[in-house]
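Letters A, B, C, D and E name the chains as they come in the text, with residue numbers starting at 1 for each one.
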Amino acid sequence: MTGLALFNLFILVFMVVAAVISLRVKDLLTASVVFGIYSFLMCLLWAEMGAVDVAFTEAAVGAGVSAVFLVATVFNVKRMSSD
Amino acid sequence: MFGEDGLLNELLVERFNYCVYVVLLLIGLYAMIAKNNLIKKLIGMSIFQTAIILFYVSIGVKEGGTIPIYVAEHDPHGHHAEHQAHPEEANATEETEENATTATTLHEEDHGHHGPRSLTDEETSDYANPLPHVLMLTAIVVGVATLGVALALTQRIYRAYGTIEEDAVLAAILAEDASTVIPDVLATKPKRTSSKSRKAKKA
Amino acid sequence: MVAEPTVVNDVRPLIAVLTPMVAVVAIAWSGEKRKNLREIFTLLAGLVQASVVLSLTPLVLAGNVVEFHVWQIFTNVPMLLRVDGFGLIFAAVASVLWIATSLYAIGYMRGLHEHAQTRFYSFFGVSLCATMGVAFSANLLTIYFFYEMLSVSTYPLVTHMQDKEARKGGRTYLSYLLFTSLCLLLPALSWCYVWLDNGQGAMDFLAGNSMSEQFSDTTQIVLLLLFTFGFAKAGLMPFHSWLPNAMVAPTPVSALLHAVAVVKVGVFCVIRVYSDIFGIEVLQALDGEQIMVWIACATIIISSLIALSQDNLKRRLAFSTIGQLGYVVLGATLATKQGTAGAVVHIAMHACGKITLFFCAGAILVASGKKYVSELRGLGRKMPFTMGAFLIGSLSVIGLPPLGGFVSKWYLVLGALERDYVWVVVVLLVSSLLNVFYLLPVAVRAFFRNENDNEEGEGGLKEAPWQCVVPLSCTALGCFGLFFFSDVLLSLAGL
Amino acid sequence: MSENSIALIFVFPLFGAVLCALVGRKSRNLCHPIAVASLAGALWGGIETLRRVIASETNEVSYYFGGWNADAYPRGVGIEFRADYLGALIMLVVVGVAFLVAIYSKLPVAEETPEKEGPFYTLFLLQVTGLAGICLTGDAFNLYVLIEVAALTGYGLIAMGSARAAAATFNYVILGTIGASFYLLGVGYVYMKTGTLNMVGIQEVITANGLADSAAMQVAFVFICLGVLIKMAFFPFHAWLPNAYFHAPTATSSLLAPLVTKVMIYVMIRMTLTVFGVDFSFENTLWTEVIPWLVVIAIVCAATMALAQRDVKKMLTYLIVAEVGYMVGGIWVYNYYGFIGSIFHIISDACMTLCLFLGVGIILRKRRTTHFDGLRGLFRKMPFTMGGFFVGGFSIIGLPPTCGFFSKWYLITGGMLAERWEYMVALMFSTMVMVVLFFRLIERIHLAVTESGENIGHGHGDLALPESETFFDEAHWTMLVPLLLSASVVLVIGIFNQDIVNLIQDFLEPFDLPKGTGR
Amino acid sequence: MKKIALAVTVLTGILLLYAAQDFPAWGDLQSPASASPVSKHFIADTGVDTEVPNMVTAVLADYRGFDTMFETVVIFIAGIAIIGILRRTGADADAPALKRENEIAAEPDLIVTNTVRLLVPVIQLFAFYVLAHGHVSPGGGFQGGVIMGASFILVALAWDLPKAMDRLSVDRAVMLAGVGILIYAGIGLFSMLLGGEFLDYAELSHVLPVSREMARYHAMLGVEIGVAFTVTAVMFAIYANLSTRGRLEGGL
């Protein structure tokens, strides 16, 4: 397992974990933040795979803006979700 | 399919990326349909879309291929066009390129022909395939746009029904339906009001 | 059909078909405010149409066929108007009787102060346009177009009263006509279009098609059944009950449409299918063909029996119409030259007779408001002309010599004998007897029974308005005329 | 300028949309004229394109964006718009219908979505750009982007109405995204196996490499068809359509109802015929057995649900789902005439549905409700509107002179030649249901009888409308003229169906579909 | 509902795994996608055609420029749609604002405001760099636009929305977004008017004193600027609307 493959494996596993956490946690604010983490990990993975432009966009748009939109909406709406 | 080792480990070991994309896709799809909270559905939707983007990007990966930006010696604007005239300008372009790819030795090449030359076949295999990356720029942007619109809808629903739980919203809608009364414009029961007075009332 | 006739291209069939539509626009424009102008438009349209149709007779009598190409529906099936013997008889009868009905309708509608008369006359015109279209259509598709147009345009007439009975009548009317046409006729049509003459779809009436080689016997029988019951307007037994329920309509509608136009369209289409699509030789060769004859006879007998028990005058006449239609279908199913000719001529004869009866029923309603046969005691003294015309009409429908009805029944019997169906002749005679039993008692009750004692005194003549009496007496005389000039009709019918 | 006519089709609405956005806040009533003008330009471009397609000898016109034409560069480098008879005809229908709805939408927009003319007309024009682009694009991924453009504008247009519209739109967003993403996934698999995104290029690679039996291509085909079926509201996935189109503002439902589902069926035809090829999509997949039965279920269930509705507009939305069943059945019956019927039905159904929804919009504006109880006396108050409405109604039933009859005729011929009797029975059943639906409406409007059966008015059938009230209460001319135009288009397409069918036959010729044993 | 979701997921999973067996090996050079003439052309001839070192930006803005134009239109649609959905009209325009659950009505924090005052200019400078250097290094119109938009959002977060709004009100944002698309489509239309197809930048060489390839090079920069305008404006407009439920005052 070269260093790069290990790094790759770590990101993949952690990304799936982040996705599951983001969906299962009851508090929507946490869910939004964990979704931001998920996007950031996705951006790291793509950078490692050579897709630099896509990684940059995902970092700016995915982790950045969509997390902000989610948080903005959660503030204007009920914070705790039933499921 | 799961029994004999050929297919499964070939799937698992070589294409771990594809497995993760499949898992993420299924998580996103399940969440989008099953989750009761509207925002959870939207998070599921985003995960679903980013999974597809992961699949596309992993199509374009090439063994040992660097990022799809020309290294120094293939660079159309780079040094080899006018090698002698601006050595420092050529070096300047190199520093600004942040991509810390392997240090490209400035090996001498015949620069007889003017202007950038198209790369040969085996040189093209050095670079990752740029097409999926372009497609995915669009997909990410579309994903955010859909997320934005969906969040606006969630707020609109919250403003009208006070909740963002799908079952609660449905209950509120059914209650609202039951209470609407159909304005029967021409229902003139002879016994009740004569048409004259009804018209007067309407005018 | 007759040997290949010479084709004459002429625009007159189109004029005949479109005149009512022009009238409809004029009627709708003139509307309620200019009532008399509206009535004049209706009569004018009737006259123009009748004159155009009759002007075609010399041409057709000379043996050639008038055609006009209107529009190319599919690559090989155009919308073609063609005037031949059959079509001309039916068109002439319908257009002439339209004039009488229009005059009658003016008297009837104003007599009963009906509402929405503009709508009534305009949809009347549209129905007539569709009837002409059916009379002059040259292939199955054109007939189907006008057949559907007729079904839809007569619905507002049937539900003219816009009340509960109208709703029930309208529902049965539409459900029978549209269901049978969409469910039975459309598949049959597309079946012919697709499979006939390996796809050339020769649904044209003149062009003979090799139906027998391409289809096995069973498919031919199935097609025959689909067509016969598809044209539900022919009122064959299982799909007949729309006709009695359509009697909720005002009497001019019942008179022209349900005695002459609509029902005759159904029967006319059946004759077209039997004699032109299938052809007489194919039908004779077809062994399962007797089923049709049985159905027709059953319709005649059962409807005549039901007519006996009907107390409402219009429903009794309705069932008698179903019976008479049975005669025409019987003529067609006999698949002989004389049988088909008898059938076509019967269309004309019955039309004249039955429209008189309906006019009288309407006149009675206008004059005395009576609907039921039991109430007609002694009405003959008050309404001699109406009841006299009723008597003549009944005799013509029964088929006594001095009147037209006899000619057509005569040829039906000849056709049956040609195919040596003796039991068919017996059926014809028995049904004529039944006709006597349900028509004559009405006239007898009106003339010879004295009124019930509680009716007010002798009183003078209480006839219906002149616009009603004049048309019904003309049509009564028409029955006589048809008897003496029947040779013209017979030559047209291809004898 | 005419050789750029393909580009002009969407340049006009695009610039018009941006103009509406810029001018929207300040002078709101400027937006409507801009929208109508830009759609008129698009219509000119559409007609010009169709003329050029007919004039060209290979019956198709290619347009390469950015100058990367196929002879200098390998095919698929640039994005290519390919207008053949199928695409050009449907694009013309899209732009024509949009033009009529644009004229129609002046009053409904002002009343139902006040102060939102700017955003409304911007999204309106971009929706038309998206749909017209879908009809013409020759690039698989570009098709995805255009589907998303059409989808997003659709969400915006619907959700601008009431809060109920927003709730219905959320459902539409979720299902729409699943559909579009499945399509994207399918294109991804296709790209992975063929290496090109250009539709004709994909077809060449499939035939060259014989990819017909590769698992990934089969799954790609499944995903693409699944995605498109979801977007077109085919029966099991139709849950979003009735609510979305019912609660949407009048102008939106009049635009979306006739176009969105029909364009998606065009996409399915493009995918099965041009991209995957006839022998890939129809030969070695089990689809040709499964889908006709799904279609039967779709038509029967949609028709019965339409029967159960007590509201005209809701009933019409279920009719759309049934019509989608017709068209999908026409395709998957896998017969030359089935295809002609399906393509002709796209064109005729768009006009019929437009006619009906314009009529319903006018009724809604006049009577505040489209429920069955509120319809009485419409024939006398609004004869022209109801005339236009019922021309569309008779066309859906399939009465002769209208275009609905001819599309049903070809579908029946196709079904018969392919010996698909269950599809025929489903068609007959749904025709019966349509007859009942529309004549039940006529009864409600024409007769003066309450549902329970007691007469209204003095028994003689009068509608108890005092004489003074029987004056014409017709719709405003901007709403009435488009309705009457669309009704006349329904009749004209019916009468000149043979010319359109000839074009469709020229398009279908090279695919040599089985003609069945008949001809 | 959960059972349906499970069924759909399992079915999709089976389909995906069934397809997985036919995948080309990870990153092999002969896989159809990598070995296709199309991607080979992009890698080999981007330098020749457009003289742009960053192939992704070249494919994004020039080869598949039409896609990117519609991508910008999608962003523009999202902005307009959200404004349309959330705009309060008529009766509920002046309805009292719903009290938020977690209202933290604190005035802007000192530390935050000062760091933000220093940070924002740097962010905006970086955004311009990313935009300007789009076709040499990773980056370009979208990324630059988002970062610029983020700087405005940062101002709105640190202070409150009205302070950010007087720098870039939603109306002006819509105007800016429109201008961005007009730039993009304008360049395409201008090159069409010069005789080429739509978006054929090479035709600009008739006007600009440069060769056809360099005309593409500069046109791409122009197009990226258009995209950046639109994305900046729309991101901020969306944030403004989402954070205040369309009332455009108060903010998070």
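By our rule, a contact is a pair of C-beta atoms (placed from the backbone, for glycine too) under 8 Å apart; a residue touches a chain by one contact, two chains touch by 3 or more.
Predicted model only: the values in this text are computed from it and were never measured.
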item: Steps needed, at fewest, to go from chain D to chain E via touching chains; value: 1
item: Third chains touching both chain E and chain A; value: B
item: Those chains which touch chain D and also touch chain B; value: E
item: Identity of the chain that, by mean CA position, is farthest from chain B; value: C
item: B-E or A-B, whichever has more C-beta pairs in contact; value: B-E
item: Farthest-lying chain, centroid of Cα atoms versus that of chain D; value: C
item: Rounded Å distance, chain A centre to chain C centre (Cα mean); value: 79
item: Rounded Å distance, chain A centre to chain D centre (Cα mean); value: 38
item: Whole-Å separation of chain centres (CA-atom averages), chain A against chain B; value: 13
item: Gap in Å, rounded to a whole number, between the CA centres of chain D and chain C; value: 43
item: Multi-partner residues of chain A (at least 2 other chains); value: 52-53, 57, 61, 65, 69, 72-73, 76, 78
item: Shared interface positions of chain D, touching two or more other chains; value: 141, 145, 148, 152, 155-156, 159, 166, 191-192, 197, 463
item: Set of all touching chain pairs, with the criterion as stated earlier; value: A-B, A-E, B-D, B-E, C-D, D-E
item: Interfacial residue positions of chain C with respect to chain D in the complex; value: 71-75, 115, 144-145, 148-149, 152, 155-156, 159-164, 166-167, 170-171, 174, 178-179, 182-183, 186-187, 190-191, 193-195, 198-199
item: Chain E contact footprint on chain D (complex, rising order); value: 4, 7, 11, 14-15, 18-19, 21-22, 24-25, 63-68, 73-79, 113-116, 119-120, 122-123, 126, 129, 133, 139, 141-142, 145-146, 148-149, 152-153, 155-156, 159-160, 166, 189, 191-197, 201, 205, 209, 214-220, 222-223
item: Chain B contact footprint on chain A (complex, rising order); value: 8-9, 12, 15-16, 19-20, 22-23, 28, 31-32, 35, 38-39, 42, 45-46, 49-54, 57-58, 61-62, 65-66, 69-70, 72-74, 76-78, 81-83
item: List of chain E residues in touch with chain D within their complex; value: 15-16, 18-19, 21-24, 31-39, 41-42, 62-67, 70-71, 73-74, 76-78, 80-85, 87, 89-90, 171, 174-175, 177-178, 181-182, 185, 189, 192, 196-203
item: Contact footprint of chain E on chain B as seen in their complex; value: 1, 7, 11, 14-15, 17-19, 22, 25-26, 29-30, 33-34, 58-63, 65, 67-70, 74-78, 93, 96-99, 115-121, 123-125, 127, 129-135, 137-138, 141-142, 144-146, 148-149, 151-153, 155-156, 159
